[in-house]
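One structure follows; several queries about it will come next.
Chain nomenclature is as follows: A, B, C and D, assigned in order of appearance, with residue numbering initiated at 1 for each chain independently.
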């Protein structure tokens, strides 16, 4: 599937500092960056940071002079996902998990799975099939957590959201991740562009490791699961923030867009009783 | 019903300080203190503090000299409770609540009802009958929160317990109170002696204001509801702590007991589908 | 000193509900309500709730019909404060505190003094004179906590603010109260109208019990200490919220004003090294 | 310097499960594992997990049968540290930090540096030299946080400790890390064996990235800085827990020891005004 993605951001530097952006579409075996353009206005030399694990494509640049900075990123992306049949796939026992997956069982800044252990197991522990288990907890989030812009901030974590039950896509993702890890299912944060997301913005959802694959889940149901362009994965938003700002640089405005450059898009969502998961890689 | 209650406590004062104890059985229209004895060893002059609202009978004394302090309280109590038929009793609207009850709708130190608003209403908001509503949330606490000595401390609050789902009687009570208040049902902390409580200790449960009465609930199910001798009520354990210590005075040991001084005790617990609540006053 | 105070508030009721307002100037021996007017538009019968302790003058009314509600309160107040010489006044030991003051040593919803015990004593415990002690901690708050509108919400507590170091007047007051109680100095929340407060709004500060008097402190320094008209005191904002809303009623807008109806106002602030505190009663 | 390290641990498996241990001495250019022995009793096949970053040497094994498990690890280690002169070394600006170091600026489960930003900068932001800055904050932790066994648990984080000011080595380390990151100095958790640690146990301290080196700091002052055998580094204890337990396996007992296998050990601690940091690699 081909998508055209677009992001523009405006910052004002009040003092020298550094910006690290995480808005480039990832290059993976199944996601090709057909073309892309990244511009800074005024011109600043930017450096692309190569992640060892291929989890993201950070861009870092020093802001030496105060003033406005305009950032534009556009790209054409060709990606594919696969449908994975998970109806009969059992949970992977911890002693069989790949080494590099183990880290996604650990609690992290916004996903305190250690604190949600009893709750998660009381609520979902008796479901045997892992795809069913994660689907059920994702439905619970969708049904109980209110999508409410402005109700949370950059410090809000899954421990807050599980009780306060309001938030935005990032909070929905953190809660899903924390519940999965509390159930001994590895889970990681996924950030990307999403076609048909309304209102248009960067999107966040999460992947759970089931049957040897990273399966995508989105507790917000705000975009079809097959409409995503992956920017990054990580433990949580601390690893995959859209922007990390160092110094007195303030954010002014942002515009994000993701359009289809193909025909025949058929939106795909998980349906009750479904057994097929979506995996991007 | 007549009960003999007993409490002994040992402290070591390392420096001068003040102790405020909250272990005396309350005197109410339905609870008579037939006889009681309070001794401090070595002898210290103690002052009984008269609470304006009759919520407790604090005893305060200054510890002028370092050393061990032994406290013994014994009393014979004659009290009565009433059974209140609540099957058809609707919720009292806020504009009809007595002024002195309104305060029990507010969040307090250990009962952050403001943070549990969505959760409580998502889980229990659709139950119409208030006795049924509170009974259901109390059953939910009983079924989901693990009674686990040592799992919590004096700083643990309902906001913690609703997620961590482990605690002791005080935590069960705080969670019940917070959920009630989040559902606009006034609720307050109740501390007392409880016959048949095992292991013997001071007990904590809570009262909810339904049908113009303070109805007793105990999410631990550790003692019959009709086995209680009331020591105090308050917003939460911050108001009704067994002991408040000022200065470098350390707690060493405690023994608590409550025996029946009557015949024919028939334990009473709420049963599923029941419509009768217990009220002490 | 005579002040004219004014508050108007606009709500929209989306469903029936109840509003409890806490905006009336308190009547005390030193604060006379010369005249006042309270109007609801459309007309609703409102009930003034008499507080047993004289801590506030709540007004409660049922909103039976959806729609806009406009509230206007105006009053002329004549009040006086006294200056109390505290340079040689020692701390009141706990065993000498009046019974009704003891409650202001307890932790409360927004003032978790139990959690701030070591911090408070590490920072301020070595200061002997209590007025000096509280003045020093108030200066510390002023110097370290940034006044930042919108940085906190109705759930923010002293435990948050002591670390996050940003907030509004309510947060400044909560932190001051929590620190005092952790130092075994009774402290309570104070809400009122304040002349020369900019931008005009309801104000919050706090009182500490020193030398047998409730002495006023304001860590924001946003208004002169002698410019206050007391609305209420309480343990914290849970007791003294401007409005408690029950039901689906949303807040739209508010206007608050406090002007001088006298001549010769000389602003009074505590100065470094000062020994005189202000007490309203 | 040569050390003999020893760790024995006893677990009881109540059901099948998996254990992942993190007790092996790390192999680094400056730390040679001269000899080591790891035994499980009863015999279970264990797998050493190779960390991509060389941050740890995990051992994982499946516990198939209920019963007691006895673990013994002994090793002789030969390691070296270097003294780094940091008196004139300036802070590394973010745009010059190596890519793999950037992650140690992010907040993590136990080190919520995002919440400590104002506090850290208010307290230590005006110190220019980074070694001096970190030394000062480490001294502040030492002077204000009480080492108190049992005062915290596995969920305690830097956000708690900065206010509650009590904890164990792990809490001291987390607070140091969080403050560094809040000051834009990369910092990571360090766990190891420590000679002369009393009482003997695994130790935790932290490293800050200064002058292109990972410099060791220990806010507990419980062991000389040159007495360490590194087990692992990570973002915080979530990455470098001594043991991760999956399944119903309970911990019973542990013994840890670290003795000198060399002569002439001269304990090294940072002194006030010192400019030399210790770096292990």
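The definition used in the following text is that a contact is a pair of C-beta atoms (placed from the backbone, for glycine too) under 8 Å apart; a residue touches a chain by one contact, two chains touch by 3 or more.
In UniProt terms the chains read A, B, C, D = Transglutaminase family protein.
Note that the coordinates shown come from a computational prediction; the quantities given were computed from them, not determined experimentally.
**Student:** According to the touch definition, list the chains common to the neighbour sets of chain B and chain D.
**Tutor:** Per touch definition, common to chain B and chain D: A, C.
**Student:** Do the two copies chain A and chain B share over half of their interface residue numbers, or under half; same or different?
**Tutor:** Here the answer is same, because the shared fraction of interface numbers exceeds one half.
**Student:** I'd like to verify one number: the distance from the centre of chain A to the centre of chain B, where each centre is the average of its C-alpha atoms, in whole angstrom.
**Tutor:** Each chain's C-alpha centroid was found; their separation is 46 Å.
**Student:** Centre to centre, by mean C-alpha position, how many angstrom separate chain A and chain D?
**Tutor:** Here the centre of chain D sits 30 Å away from the centre of chain A.
**Student:** Which positions in chain B touch two or more other chains at once?
**Tutor:** Within chain B, the residues that touch at least two other chains are 115.
**Student:** For this assembly, give the contact graph shape among line, ring, star, complete and other.
**Tutor:** ring
**Student:** Under the stated touch criterion, can you name all the chain pairs that qualify?
**Tutor:** The list of touching pairs comes to A-B, A-D, B-C, C-D.
**Student:** Which residues, counting only chain C, touch chain B once they are in their complex?
**Tutor:** Residue positions touching the partner: 17-18, 20, 47, 49-53, 58, 60-62, 93-95, 99-100, 102-103, 105-109, 112, 114-115, 154-155, 184, 238-239, 244, 246.
**Student:** Chain C touches which residues of chain D in the complex?
**Tutor:** So the residues of chain D in touch with chain C come to 115-116, 118-119, 122, 144, 146, 159, 162-166.
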